[in-house]
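The next block holds one structure in the form of structure tokens; read it before the comments.
So that you can tell them apart, the chains are marked A, B and C in the order they are listed, and the count of residues begins at 1 in each.
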Amino acid sequence: MSLLSIDTLSKSYDGVRALHRLSLSVREGTIKGLIGPNGAGKTTLFHLITGVERPTAGTISFQGLDITSLEPHEIALLGVGRTFQTLQVMGTMTVVENILTGMHSRLKGGFLSCGLWLPWIHKGERTALQEAKETLEFLGLLGRWKWNASHLSFAQQKMLELGRALAMRPKLLLLDEPAAGLTPAEVTRLAEKICRLREQGITILIVEHHMGMIMDIADEVAALHNGELIAEGPPDAVRNDPRVIEAYLRGRDA
Amino acid sequence: MVKEYNKEYKIEYRKRDILYTAGLWLVSLILPDPHLPYRREFIKKRDFFYLGALVLLPLILSDPLVYLMVLAGIYAIVSLGLSLFLGYAGQISLGHAAFFGIGAYTTAILTTRYAVSPLGAFGASALAAAVCAYLIGKPILKLKGYFLALATLGFGEIFLVMVRESRSLTGGVSGIFGIPWFSVAGLVFDTYLKQYYLIWGVLIALVLFAKNLVRSKMGRALLAVAASEDAAASVGINVAQVKVRVFVVSAAFAGLAGSLFSCVMSTANPQGFSLGLSVLIVMMVIMGGMGNLYGPIFAAIFLTWLTDVLGGYQEYSLPIYGVILILLLIFFPDGVGTRLNARLIYLISYWGRKRRREKVDI
Amino acid sequence: MPPWVHIPQLLAAGITMGAIYALVALGFVIIVRASQILNFAQGEFVMRGGVVTFFFIKGAGLPYPLAALLAVISVVCIGFLLHLLVIYPLRKASVLILIMATVGASIVLSNTSALLFGTLPKALPPFSGDLPLEIGGIRIAPQGLWVLGATFFLFFVLYLLSNRTLVGKAMEASSTDPLGADLTGIARNFMVFLAFGVSAGVGAIAGVLVTPLFYTSYNAGTLLGLKGFIAAVVGGWGKNSGAILGGFVLGIVESTSIAFIPAGYKDAVAFVVLLLILYFRPKGILGSPYIDSRRW
């Protein structure tokens, strides 16, 4: 059953073709890797899926629902979470508050009820705090829950960003280069956590350059080049595909 | 010999230790915290000190100073509202004086022409300001940075022009006179003392509301919108809606303040709601520190006092005011509290570091 | 008489006023092209141009052209000072702080003007006599033609400056890509410094030109600055041509609106135009290189 399906998606910016008739799908409960040289259109694809940009042509469906023209927050509310390539950790808040922000959609209350601190708000905050702490424990950040988020190390901030996306209990998780800038030990830890997420039933789409990690944990890999899909299938098949090798070695012109 | 020397030093160390720590503790008791993580406890021991000071203050101060505190309280309400919009959600508004004016004029018109009770006018003022904010906010809040600042400034100017021109409704440039004192159930607030308690009482209630808001998911949503709109949207926060709603809330605060202003001044005229006031309120929020609730209130007291002091210098007042503004921005961009606190801690910890340096030399 | 009879005359007035707005808008755009900073004190440069010229004529008894020249030079110095004392210390500060600082500078400038030169409005004699010319039934003050001429001349000069000289290109580079500019050895802060001077100069010239038409006083600067900014946005933010076009559009719209609404609301018209443009087409008429379509 494909959770996310993309159909002949195209996107151009003022004549520059970022994506061209891209079609791919992600099966529920699997990890799909998305690889390709820089500029192949991977982050653009993420922007299109999450509604930050609108495609020039084509459709995106999530759980059978057409999400092509929805607003980013609406798509998020449907159960699509994401992390960002340029880390968007909220440095003005504490670690636990970042996680709690992720739970925004699952908490009740609007401005008035929050301001008046009505009873259900109080209860909601207490249970939310408990749950946030559990998430932090899963990520290994519990000891620093009161720290200001900008004081964490780079790897820890990446974990925090992951945690914020997890806090909304997404069905589909889009990870944009989660291993970038991490040491090999940290990458292993990250890979292990992502596998645990798959066991919990979350479907994951990862954009990554770290071949080792992708080949290890992905069920299926898709390769992009110049905005087009050049290979799709099990990791080994894609790794050995001549077109993929050519794309990585030759770059844009290949 | 070395041991004896150390022993002497050690005793000195203890005495100064206690003295300075006590001093630091006392000072930290009084000054508001700068940007502290994990939205602090709801009430701290410090708050009782503030409350006590507020209650006792007018009994010590002379009448003109009480009047100053009354004004400061009114402006504090506006800056508290603006701090939610500017300090927490990170959006710029240079037109909040307009909402203040809307509140003031609503109360003025309702109480003088339609004999509405001051309490009813109070509520209506907040409502009027909120509705205007909603109507203006929806299109404007799509903008960012300079453009939002200028759009809000434009709105403020349009408001002034409309007030000056609709002579039949608002009395034009001369304004409306004879606004009755604020009264609730027979209790009339006609002296500065009574007005002081009224206004600061309202302020305390609004502070409690704001504290609740800031500690809750909506407070986090505001900070999230300021930190990263993309990330906020990715967790399901409707950024546009949050911006409009916090704009409305801050306008409602300003409207309430405006209503109280009318009742205190007994008149309402356009001069009181100019761009200069909007700038002043924004300065209060910046000086108080972004992401801070008490800071803007302290800054309101300070700046109200400052404008009063400068007023005594007549024509030199405004250029000096501008220069002070610029200097404050250059030296205290994170808010006065942050710098002062940090400076004090640095100063007081100086002897500790000196001691450690000396120890190493021996 | 039906209101639209007045339109041709109003159009002429609008074009004249529009030229002034265009010059003020140019001043804004010059600084923005170098640094992405909005200088709220721009209108004050214009005001100072007129007021200081008046001072040099009446107070120091200098001949008109010399007084105007000295005034422009002194305002350019004020522009440099503004950069050194306010903008440079805050070069790393956030947008909000910069806005407030230039607002503060605007307050200082307008009120010290009131202190030094008095609060009475000042008027200057027109360049070439008082008699209005009659062209096709419309009366145009000859000063208006000077204004138009100067506007196009300055626009041409600035075009040459930014497109043909290295300094101009450097200025633009430091605004579009600060890091890149640093890496290629462009002294960014100096570029901004120069931009402030040029912008002050343009503003001062506008002030000298406009004072014979409408007197200036210490508080005329703020409103003029705001309208100049609106003109820059309307025409296309960040483009010299946008500033000019926007200036004329705003001037014409503002003037012709008098035919239909009470005169007191004239100032509000500019702001309504601003709100409309920001809502419907934030890029401005000619489009803007700075405004990302994704975000607006």
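Here is the rule we go by: a contact is a pair of C-beta atoms (placed from the backbone, for glycine too) under 8 Å apart; a residue touches a chain by one contact, two chains touch by 3 or more.
Only a predicted model underlies this, so the values are computations on that prediction, with no experimental measurement involved.
J.: Based on CA centres, what chain would you say lies at the far end from chain B?
T.: Farthest from chain B by mean C-alpha position: A.
J.: Indicate, using Cα centroids, the chain positioned nearest the centre of all protein chains shown.
T.: B
J.: Could you state the distance in Å from the CA-based centre of chain A to that of chain B?
T.: Taking the average C-alpha coordinate of chain A and of chain B, the gap between them is 39 Å.
J.: CA centre of chain A versus CA centre of chain C: separation in Å?
T.: Each chain's C-alpha centroid was found; their separation is 47 Å.
J.: So how far apart, in whole Å, are chain B and chain C when each is placed at the average of its C-alpha atoms?
T.: 34
J.: Hunt down the residues of chain A that sit against at least two other chains at once, touch-wise.
T.: Residues 52 of chain A touch two or more partner chains.
J.: Show me the residue ranges of chain A that touch chain B in the complex, using the header's touch definition.
T.: 50-52, 71-73, 76-77, 81-82, 84, 88, 90-94, 96-97, 100-105, 107, 109-111, 114-117, 121, 124-125, 128, 146-148, 164-165, 167-168
J.: Would you mind writing out the residues of chain C in touch with chain B in their complex?
T.: 38, 85-86, 89-90, 93-97, 99-101, 103-109, 111-112, 114-115, 222, 226, 229-230, 233, 262, 264-265, 267-268, 271-272, 274-275, 278-279, 282, 295-296
J.: Which of the residues in chain B come into contact with chain A in the complex?
T.: 35, 37-39, 209-210, 212-213, 215-221, 223-224, 226-228, 230-239, 245-246, 249, 291
J.: Name, in rising order, each residue of chain B that touches chain C in their complex.
T.: 86, 92, 94, 139-140, 142-147, 149-151, 153-155, 157-158, 161-162, 164-165, 275-276, 279, 282-283, 286, 315-316, 318-319, 321-323, 325-326, 329-330, 333
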